[in-house]
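Naming follows writing order (A, B, C and D), and every chain is counted from residue 1.
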Amino acid sequence: MAAVRHVMEFERPIVELERQLEDLKRLDVSAQPELAEEIARLESEIEMLKDALYSALTPWERVQVARHPERPKTQDYVAALFSEVVELRGDRAYGDDEAMFAGFGTLDGVRCVVIGHRKGKNTAENIRRNFGSPHPEGFRKARRAMLLAEKFGLPVVSFLDTAGAYPGIEAEERGQAWAIAECLETLAGLRTPVVVVGIGEGGSGGALAIGFGDRLIMLENAYYSVISPEMASLILFKDPQHAAETASALRLTAADLVELGIADEVVQEPRGGAHRDPALVLAAVEAAVSRALRDLLGVPRDELVTRRQARLAAIGAAFVRE
Amino acid sequence: MAAVRHVMEFERPIVELERQLEDLKRLDVSAQPELAEEIARLESEIEMLKDALYSALTPWERVQVARHPERPKTQDYVAALFSEVVELRGDRAYGDDEAMFAGFGTLDGVRCVVIGHRKGKNTAENIRRNFGSPHPEGFRKARRAMLLAEKFGLPVVSFLDTAGAYPGIEAEERGQAWAIAECLETLAGLRTPVVVVGIGEGGSGGALAIGFGDRLIMLENAYYSVISPEMASLILFKDPQHAAETASALRLTAADLVELGIADEVVQEPRGGAHRDPALVLAAVEAAVSRALRDLLGVPRDELVTRRQARLAAIGAAFVRE
Amino acid sequence: MPVSDWFRAREQRRYTVASPKTASADLPDGVWLKCAGCKHTVYRGDLEKNLNVCPHCGHHTELTAFERLLALADDGTFEETDATMTSTDPLRFTAAKPYAETLAAAREKTGLSEAVVTGRALVGGHPAVLGAMDFRFIGASMGSVVGEKVSRAFDRARDERRAVVFVTASGGARMQEGMISLMQMAKTAAAVRRFSDAGLPFVAVLGNPTYGGVTASFPVLADVILAEPGAMVGFAGPKLVEETTRQSLPKGFQTAESLVRHGFVDAVVPRTELAQTVARVLDYLCAQEVPEAAEGAACPVPRGEGS
Amino acid sequence: MPVSDWFRAREQRRYTVASPKTASADLPDGVWLKCAGCKHTVYRGDLEKNLNVCPHCGHHTELTAFERLLALADDGTFEETDATMTSTDPLRFTAAKPYAETLAAAREKTGLSEAVVTGRALVGGHPAVLGAMDFRFIGASMGSVVGEKVSRAFDRARDERRAVVFVTASGGARMQEGMISLMQMAKTAAAVRRFSDAGLPFVAVLGNPTYGGVTASFPVLADVILAEPGAMVGFAGPKLVEETTRQSLPKGFQTAESLVRHGFVDAVVPRTELAQTVARVLDYLCAQEVPEAAEGAACPVPRGEGS
């Protein structure tokens, strides 16, 4: 298990108990025999509390886990799942957006095009990668990679992890909405398999631009939402403090998405979140993606697109009344 | 005939004689009977000189005529030849380049997509239009218009009048070479007729980007060249003063282009250049374009592209020895 | 009789005239209104006759979806489709206020079943599917019904080989339907893709305001994009941009006029010239001057109408 | 034996090894050279073994076309095509200096017939058509011969279903062939279009320098664009840009590294890793993992080789 530095709000009670436990352990047990019992009791309580807490995370708590800074990032998945990686850069029009990864990689012997939002692992990297929020050129780079995949018959594997497309002045001026829409149109008709993995944040249109296809695999604590819980709270309650409530209302968890017919599969995370045992999660995701790819590589291209479009057409159709 | 303000270098001797003629006419003829004779003689000399000068313009003189500021511009052709014009703007990625026109227009009942370099008619307009030298977004706008033409089965009419693609810092940084190459690739396979009219300057890659197709109609004094005569002089002679010589050597006139198998047709200009009688030239170009369109609209799309590519493939092929 | 006239005559016989159920429902009762652009007092009748464009300063005031559609369609040719479609509240959303109540209030206020109105019409004689969004209906946000109606509109146009003309005005995706709403962006973009692959023409008109998941899905995929004067159009709203970047916004930021300069909109067209401009654009996009189009020819005689 | 090995063995039997006729012809006779990048004195043999990359600072010195091709091709697989093609001086160009003399001098100096060398080879086991330009030959400018050889290279690759790998280095179009040269831009772009429409892969390597009509035609249409470290690449030359704009050029202007940042190049690859990187890229572009490709499958067994 990796040592975890960042503590989430809802973990504070546990951390407090763990601190007390450390204090107790520092005392002289031989002088106070009842102390050993106290320590054992506290240890067991902590375990029970952890089980209780982590086994029933609320949607808002899951959002926090999804945003945990030590959570495995797209670059971790690329490095762990793929060999022979070649990065592709640039949109051939304006720039290379480091908030978006694009490249080739080989997973279990299958050559793929890989795309994904790319957050940093520290402040310097986050600044360079704009905290994983792409500008239009990021989406245009992803679109270029999708078209290469189609042209050369390679499946696409996409990793979602963004708070959203960047809401900046220049991003708007260079056509954020246009860049996203063009990705959607391209994905909708792309004649090659597309496997999407929600690994962390799935923030609105910026996630969706590379976030649908023939399979949607969600990590247990990844979220995918039309709007951030905070923003929804601000709009609905004129107050950002109701995020926990809106997080529940928005139905943004992996389990919700399966129930709504949007996601296909949930990859379980270790207790406490993916950052507690990245290797385990990386292996589980690799297995899931590999299965999905092998399923999809057998489907004729036209059939693939027909199915993908039918699946999209069905979303929401069950909830209208004429 | 329109009143012409701008005098070209090689016209100076005529202008000097005309000034002398005016002086003579201001004298009292009744006092000096031989004066009338002198005036008549000078008038006839001027006419002969004009005939001689304008009927045998050197290539370098034609380049100056092609650049004459009062020469009809793309916007004059659009206004005169086309009805029901709708301008299309923007490259859908970065900007709208006013050095490039794109739009719909109807010529003799044929609905077309129209593109063309757009110089200004005065300094203010020239600054806005960057003197007709496009940035990458200009070429990308033209390419968008070409693709619309193909999608909706409209022929393309293109007007060439540029000193060249703009050699600026930002133009380079936004991929001038890439934007031009993408136009070339698009035009090479465009499944709709493309009629190109050289109306003034045809400066290198910036002209070529919208400058080849199924017909190339050249105005008599329009030029089309791989490099400007001045730049060629600078490179070959380390001195810009040999432009007249390089203009001849480069074989850049309308007549040269026909001889080299690159242009199909030359539209004659009135004595002195198109600016001396724009209406005449506009009508002649309209007739030529209309004929070309009606010829080409009968050719099946595949055949059109095959012929265009064969024509390109032949250029230069006759001049290689294996 | 030219084909277009024949069409017009034929369609006029067949189509019922949909009346604007709710025109001006939002306007105050007073006969005189104050223009938000120039503060002039304007006679309400004059404003309405001028498509809610101020005769003094040209300011474009909101129009209802029906007002927009009837202004675009050739007289008497508009026939609504999917008129009664409503949402069943897929998430049982109750945060702050139950979504069911929000929906009921919007229906009550507007007389509409949802935020978009679609239908068949002729536009300048061209068979088209028309759509318009109504900002009064929960900010014309896109949920399952808007997504479904937009998708059906494009599929119907494809089946009947009609052009599509769509007027937008929306705050974005409808929060209260969560991920169902977000996915409508992909669903409508997929519908445009199917439509566009069939070689048919799509003209979008961006009205004020158009934002978020609506901008970033179907309208900007149009072949020709027009916008109304002064319309605010973008992905992220200006307030969010200002708060995120802590920069003051440039003059004209996200206005239709600046979108033309930035290369994303073909023309800003005053509402009073819109029908004519759209018709003229369709004249080109439906012309097919190059005959050997085999597949993908736009706007021939629509199939399935002879029945 | 995997198919790629079988290919390698087969092609090795069949192809003759073209020797670098003129390697190092330009280098001074001295055994020691001074690096233009770091001013270190470098042993000529060391430099050549390292593909003219300075072992001290990594500075990339010019390579001849043959040196480039042999560094990219699998050992012993390169077979030159169109080796003897020369220009007949279409314009009878004599300004400043007769073009015929310029050509003769270039041939003499380089031992090449023209500024580009093309041929068949295997690259990482993949059947390919390779091309490389030789800057020593009139600045590797593109006239009728370069245009014809480039076009034939793409057409040959299309006919034989091979990948294309092209290394550029050029000052642009060849002035002395006037409009014939300019039109080679369109001609080569058309060849790429035909090739690309067949679904085959094209990898370009932009060497130092690549400018003008060469940059703006075939190489930048590649599926994947690599560049050599420090390579200067652009449309207009830096001097012209400086003179036209009267601005000082930004640091790194038009370098391969800045082209990556500006979105036009996928990667800057040191020459010593180039063959491996190109081979790896071709592994992907020739993979066709999705089987139902019917048309457009890349790099299957080449046709017409069994004869």
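Assume contacts are C-beta pairs under 8 Å (C-beta built on N, C-alpha and C of every residue); 3 or more make two chains touch, one makes a residue touch a chain.
The shown structure was predicted, so the numbers you read here are calculated from the model rather than taken from an experiment.
Legend: contact pairs of A-D compared by residue number with B-D, B-C or A-C; the interface matching in over half of them is B-C. Looking at B-C and A-C side by side, the one with more C-beta contacts is A-C.
Centroid to centroid, with C-alpha atoms defining each point, chain B and chain C lie 42 Å apart.
With centres set at the average Cα position, the gap from chain C to chain D is 51 Å.
Averaged C-alpha coordinates put the centre of chain A at 34 Å from the centre of chain C.
Taking each chain's centre as the average of its CA atoms, chain A and chain B sit 56 Å apart. Among the residues of chain C, those touching two or more other chains are numbered 262-264.
Within chain A, contacts with two or more other chains are made by residues 92-94, 174-175, 178.
Listing the residues of chain C that touch chain A in their complex gives 82, 84-91, 93-97, 143-145, 147-148, 151, 173-175, 177-187, 189-194, 196-197, 212-213, 215-218, 220-221, 233-237, 240-241, 244-245, 247, 249-250, 253-254, 258, 262-264. Residues 199, 201, 223-224, 260-267, 277, 280-281, 283-293, 296-298 of chain C touch chain B in their complex. Taken in their complex, chain B has these residues touching chain D: 165-169, 171-178, 180-182, 184-185, 187-189, 204-205, 208-209, 212, 224-227, 232, 235-237, 242, 245-246, 248-252, 256-257, 260, 262, 308-309, 312-313, 315-322.
For chain A in complex with chain D, the touching residues are 84, 86-96, 104, 110-113, 137, 141, 148, 151-155, 191-193, 297, 300-302. Contact residues of chain A toward chain B in the complex are 92-94, 136, 140, 174-175, 178.
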